[in-house]
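What follows is chain A paired twice: with chain B in the first complex and chain C in the second.
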Partner chain A sequence: MIVVRQKPLDEICAMIAGHRRVLLVGCNTCAAVSLAGGETEVDTLLQLLRLTNKRHGTFCELTPAVLQRQCEPEYIDCLQEGDYDAVLSLGCGAGVALLASTVGKPVYPALDTLFIGSAKGLARWQAECSACGQCVLGMTAGICPITRCAKGILNGPCGGVSDGTCELGDRPCAWVEIYERLDSLGCAENFDTILAPKDNTTRQICEWDMSEGCDEK
Partner chain B sequence: MAITHTGRSIQDDNRDGRLFAPCRARCPVHVDVPGYLAAIAEGRFMDALEIILARNPLPSVCGRVCLRPCEDGCRRCLLDEPVAIAALKRAAADIGVYPAPRLARPIPGRIAIVGGGPAGLTAAHDLAALGLSVSIYEDKPRLGGMLRYGIPNYRLPDYALDRDIEYVLAHGIEAHTGVRIGRDVTIEELSAQYDAVLVTVGLQDSRALPIPGADKPRVLKALPFLEACANGESMDLGARVVVIGGGNVAMDVARAARRHHADQVRVVCLESRDTMPAAAHEIHDAEMEGITVHCSWGPREITGEDMVEGLRAVRCERVFDLERRFAPVFDEETVKEFAADTIIFAIGQGADIDELGLPVTPRNSIKVDPVDLKTSVAGVYAAGDIINGPTKIIDAIASGHRAAASIFRDLTGQGDTLESLDQESAVLGKVPDTMAAKVETRRRIQMEQLEHWDALHNFDEVELGYTEFEASREAQRCLSCTTGARLAVEKCASCLTCTRVCPHGAACINMGGYLYFEIEACHACGACVSQCPAQAINLETVSEEDLSRRVQRKLADRGMDTSLVFSCGHVPDTLLEAGPDFRAVQVSCLLRVSERSVFEALEEGASRIVFTRCTEGDCRFPHAQDLVNRRIHHIRKMLSEAQMSEAFLVTAAPDEDSETGVTTP
Partner chain C sequence: MSLSDAFGAGRFAITSEVGPPKGTNVAEMLATAEMLRGRVDALNVTDNQAAVMRLSTLAACVHLKNAGFDPVLQVTCRDRNRLALQSDLLGAASFGITNVLALTGDHVSVGDHPSARAVFDLESVQLLEVIRLLNAGADAAGKELHGSPEFLVGAVVTPEARPLRPQMAKFGKKVSAGASFFQTQAVYDSESFKRFMEYAHQFDVKVMVGVVVLRSAGMARFMNKNIPGILVPDPIIAALESSSDPQATGIELTARFVDEVRDYCDGVHIMAVGAEHLVPAVLDAAGLTEGCIA
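Moving on to the complex of A and B:
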């Protein structure tokens, strides 16, 4: 799932300042699961913005809405006719982008999109994938070096590791973890394989059409 | 939400499903017990009273003297002790204010009710509320039946009975007292004047044994004796009184005799200690007042020349035969003399209905169809003890409801206004072991009572009732069975947050990957509700909208500097941190107060929001502490981003005994 988190309030306020009618749009898929863009968070942000407006003596009409998924055109259709002059999206980057290309009004992100991740209990997530387009998890026992190694190196660890901790000090060294997991799986020899540089053109893919090429005879 | 596009319509599952908490299922009128306990737990006594009145028009009476079948079923029985359901009903009636009666548009139809006991009062209430014109005919000078002339004042004082009767009569009911139907006016005459006649005359005949000496002066019967007590007559019973009988009435008679200065009061009964019909707590209370109970004795003769000198009794070896039929066996050789100046029979009540001329059963009760309570005389119905035999107040109330529904159906053809009270409903099973292990043990809060020896000098009420604080605390023991989390599946985002916060594993994932709630394991703490991003979960008892409305009401006439205090316990009259002008909203747990509620209240004009936290020992939902901490942290963070940190305060709960956080003016 895509993990998101709310931006600082002043950043949000600065974006929507000057608009008089703003639609707050949540997303009931990843953003809701990230506890940042569901109906509850839309309502909460809306109340907080109202309070801020009142305090600063500014006026802005705020309307809440929640879509099942902001990154699907069919779900967005219902927003076309709304009486508003800007949209504040509580969806991930994809949601913001699709809204922006559809509604014909300025769309602002209320959230920052962090990573593709997995849940680690209540309200905690682990970054797992950077959508690099060339998955190497099969060689690294399911731990992504691009995502979890601070340098994103394909053959680690680097010299910065000490006691299993990354030199940044905020995370365990991904490569140490990869080694330990491979070892526990009896595949430590994977470690001896030097991974070839990745074909970075996959990172450049900007559209994926599954039916591409099917009209060629 | 102005615009939603979550695909499907939003429906609460199970809301109408008749799954009852056992307390509610066992109550003959199915009062919404968890509903009113939740209201009391939040200090909302008026709401509680309204919930009770929807089913039971006599809460002040039942709160004191109901025999409380609900409590035997309480799911807390297996954990520690049942919740004090009846005492809390009393708290609602004593502390809450009775609402103005809700009356339907008047419709044609006149009903006569014969007898102003609980059955008659209930039926009168129901029919008058439905718009019919109702008159009660009562033989005695005042209404109430056994509630006034049977149950002694030390258990049910007149003022407490009158509160309920006033409420019932406020529905526009006419009461004619001092009229004995059958003698002063006949049933036929009533039938000619009214569209329906309901007979609820109860059992007015007090039984005695035809043993030698039973005709002596100072040999009394229970009901006339209790009636004389109720009328405040002073009586000289002598120093030694023997009461014959082993039921609750015998205990009432014995305790009343103690209050007439009898120093030695003995209760003599046929049954053994464990088969006595009197409730254990009634026996206990009698013994605490110095009364002694002598079991397994069969009265043979009242001795003495002109005056009573004593009771001669023989050993009773067995009361019932193997088929549970009354067939006492005596050992005539084992004899005991109980010296006495007065002897009172309290061995049961019977019907006194010859004058009415209605068809009777072989057991001398009025013969009715058990479903619609019609007698064989057209337009005449009967309800209460006169058809059920000696039962309890709450059975008489249920019977009154049933008769009213039947009469209304016959007169108007409409049956669904008064829903049948005995519809089949599933009953929630016992507390699962996993949950039982995690619910804190908390003993019932004992109600303050007159000291037993002080109580003996008069008929003052012995039980003094809960204070507001005690009532809320006691109500917080309720597990809120069946009133917990309801999931709107179509709104659910499957984030699984609920499964992560529920301490009892009530939120479960089914084979298809969808969420559902195991109702048996939910005690409505609200942790999942407040964490759900999709607002897909609601608590049946208290919704977010209810809370918003309460906040709005509290702030309606706010001043320039009004604080709003949210608390999961009782809030004292002064609270230093909150400043002089504060309004308090009591919630079942601070978890129920979301970020949104806080911001909303600030927007409504509160200048400050205060959370008063419970102390660890008092906490009803210990697992929620961590979630409340997170919530507080989050609110602080958001308000600090909005440069409004000063608008939110968190304090420790003011302790009941100490002065922490509390100033006394």
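Moving on to the complex of A and C:
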């Protein structure tokens, strides 16, 4: 899923300052599972913004709404008419973008979009995929070196690894994990294949039409 | 006269390194190099070492070349994509620079521009393959070059990496990708280095053992804590601690270590980290007094 987190309250307040009627729109898919854009979070943010308005003596009418998915037109059509002059989206970047292209009013992001990831326990997520358009997980025992190696190295650990920890100190070395998992799967020979530099043209894909197929990458 | 001459003659090769200045004044860098003149075969020139922005390694190599030294162009993949890396390599070759050391490079996060975008379009193994292509007269896109380099291609390895096995496997990949010589991360345990060389000897490459001259027990502890892949054993720290002249002890320990491992490898790479004036004393103490003219 797309993992998101809420922006600092001050940043959100600065974006919507000057608007009198703001619609807060949650997203019940990834953002809800990320505990940043579901019904609970929309309600919490709404209360926080009301308190802030009260403290500063400002007025702004805040209305909550939660859509099933902000990134699909059929779910956002219901927002086109409404008594509001700006939208605060609690969706990922795709949600903000589609709302902004649809509602004809300023749309502001209440969240920052972090990565494509998996749940790793209560309120913790792991970045797993960088959407590079050229999956190498089959060679790397399902651990993405583009995403989880700080340098995106394709051919093994750098000299910065220390007791299995990345030189950034914030994560295990992806390549130590890849090596160990390949070994445990009996595929250690995968490691000896030199992976060529990425073809970055797939990163430039900005629109994809399934009917056109994928021969012309 | 040069690193390739030393390797060609089967002589124990000696390299050290200098760091380009932060700024345009190269006088101090050249003065540092002068301390090493006649004592080393070649001088590595670091490339925005530790992700700290400095004068370019290519420009510094040209200054050193003009001053009569044989520079080793360190090239990292952190700051340039494959076009920039190749054009800098061709530029270096056009100035007569013949030694390259291919590295992935420290992450920008550890340096002085931590919010910069880290490039890593290639990494060390892929860069080695690209250099091999350039040497063969073609670029990474397969296009023919009008005049091509003849680089002596080096890489690095950490003999005491933890864990060790993936590092050793990557060493093999670097050899496959065209590295013909290696300079190691600093090593202090001669037995552990000999074990590494038992592995390395299966490959037809030159290996230069890396040493950092310790000047105090505090420096040793700092390196153990902060430099990945460096493991200064406790007895060495104790010896420095109890010494009345830790610098002299550091020189003596380094010389003794080089003497213990020199029959197992092809040279020594001395990283003086700001104390280049000590390098001649280390070489004297290790009996490495002849044959090297930078």
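Note that in this section the second predicted complex is superposed on the first by the 212 of 217 C-alpha atoms of A that agree within 3 Å, B and C clash if a C-alpha of one lies under 4 Å from a C-alpha of the other, contacts with A are read in each partner's own complex, and residues count from 1 in each chain.
Note that a residue touches a chain if its C-beta (ideal position, glycine included) is under 8 Å from a C-beta of that chain, and two chains touch if they have at least 3 such contacts.
Note that the structure is a prediction, hence the values are computed from the model and not measured.
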Touch check for A:A97: first (chain B), second (chain C), both, or neither?
neither
Output check: A:L9 vs chain B and chain C. Expected answer is one of first, second, both, neither. What do you get?
first
Once the structures are superposed on A, label A:Y179 by its partner contacts, choosing first (chain B), second (chain C), both or neither.
second
Touched partner set for A:L168, first chain B, second chain C, both or neither:
second
For A:N155, is the partner it touches chain B (first), chain C (second), both, or none of the two (neither)?
second
More residues of chain A are touched by which partner: chain B or chain C?
B
Thinking of the overlay built on chain A, is A:I194 touched by chain B (first), by chain C (second), by both, or by neither?
second
Does chain B (first) or chain C (second) touch A:C129, or do both, or does neither?
neither
Parts of chain B lying in touch with chain A, wherever the complex brings them together
1-7, 491, 493-497, 500-501, 531-535, 594-596, 599-600, 602-603, 630, 638, 641-644
Please name which positions on chain A make contact with chain B in the complex.
8-10, 23, 28-29, 32-33, 35-41, 43-44, 47-48, 50-52, 54-55, 63-68, 75, 77-79, 82, 119, 121-123
The residues of chain A that touch chain C in their complex are 150-164, 167-168, 175-176, 179, 191-192, 194, 196-198, 200
Chain A partner contacts - residues on chain C that touch it in the complex
77-78, 82, 104-107, 109-110, 118, 120-126, 129-130, 140, 156-158, 161-163, 165-167, 169-170, 172-173, 176-177, 185, 228-229
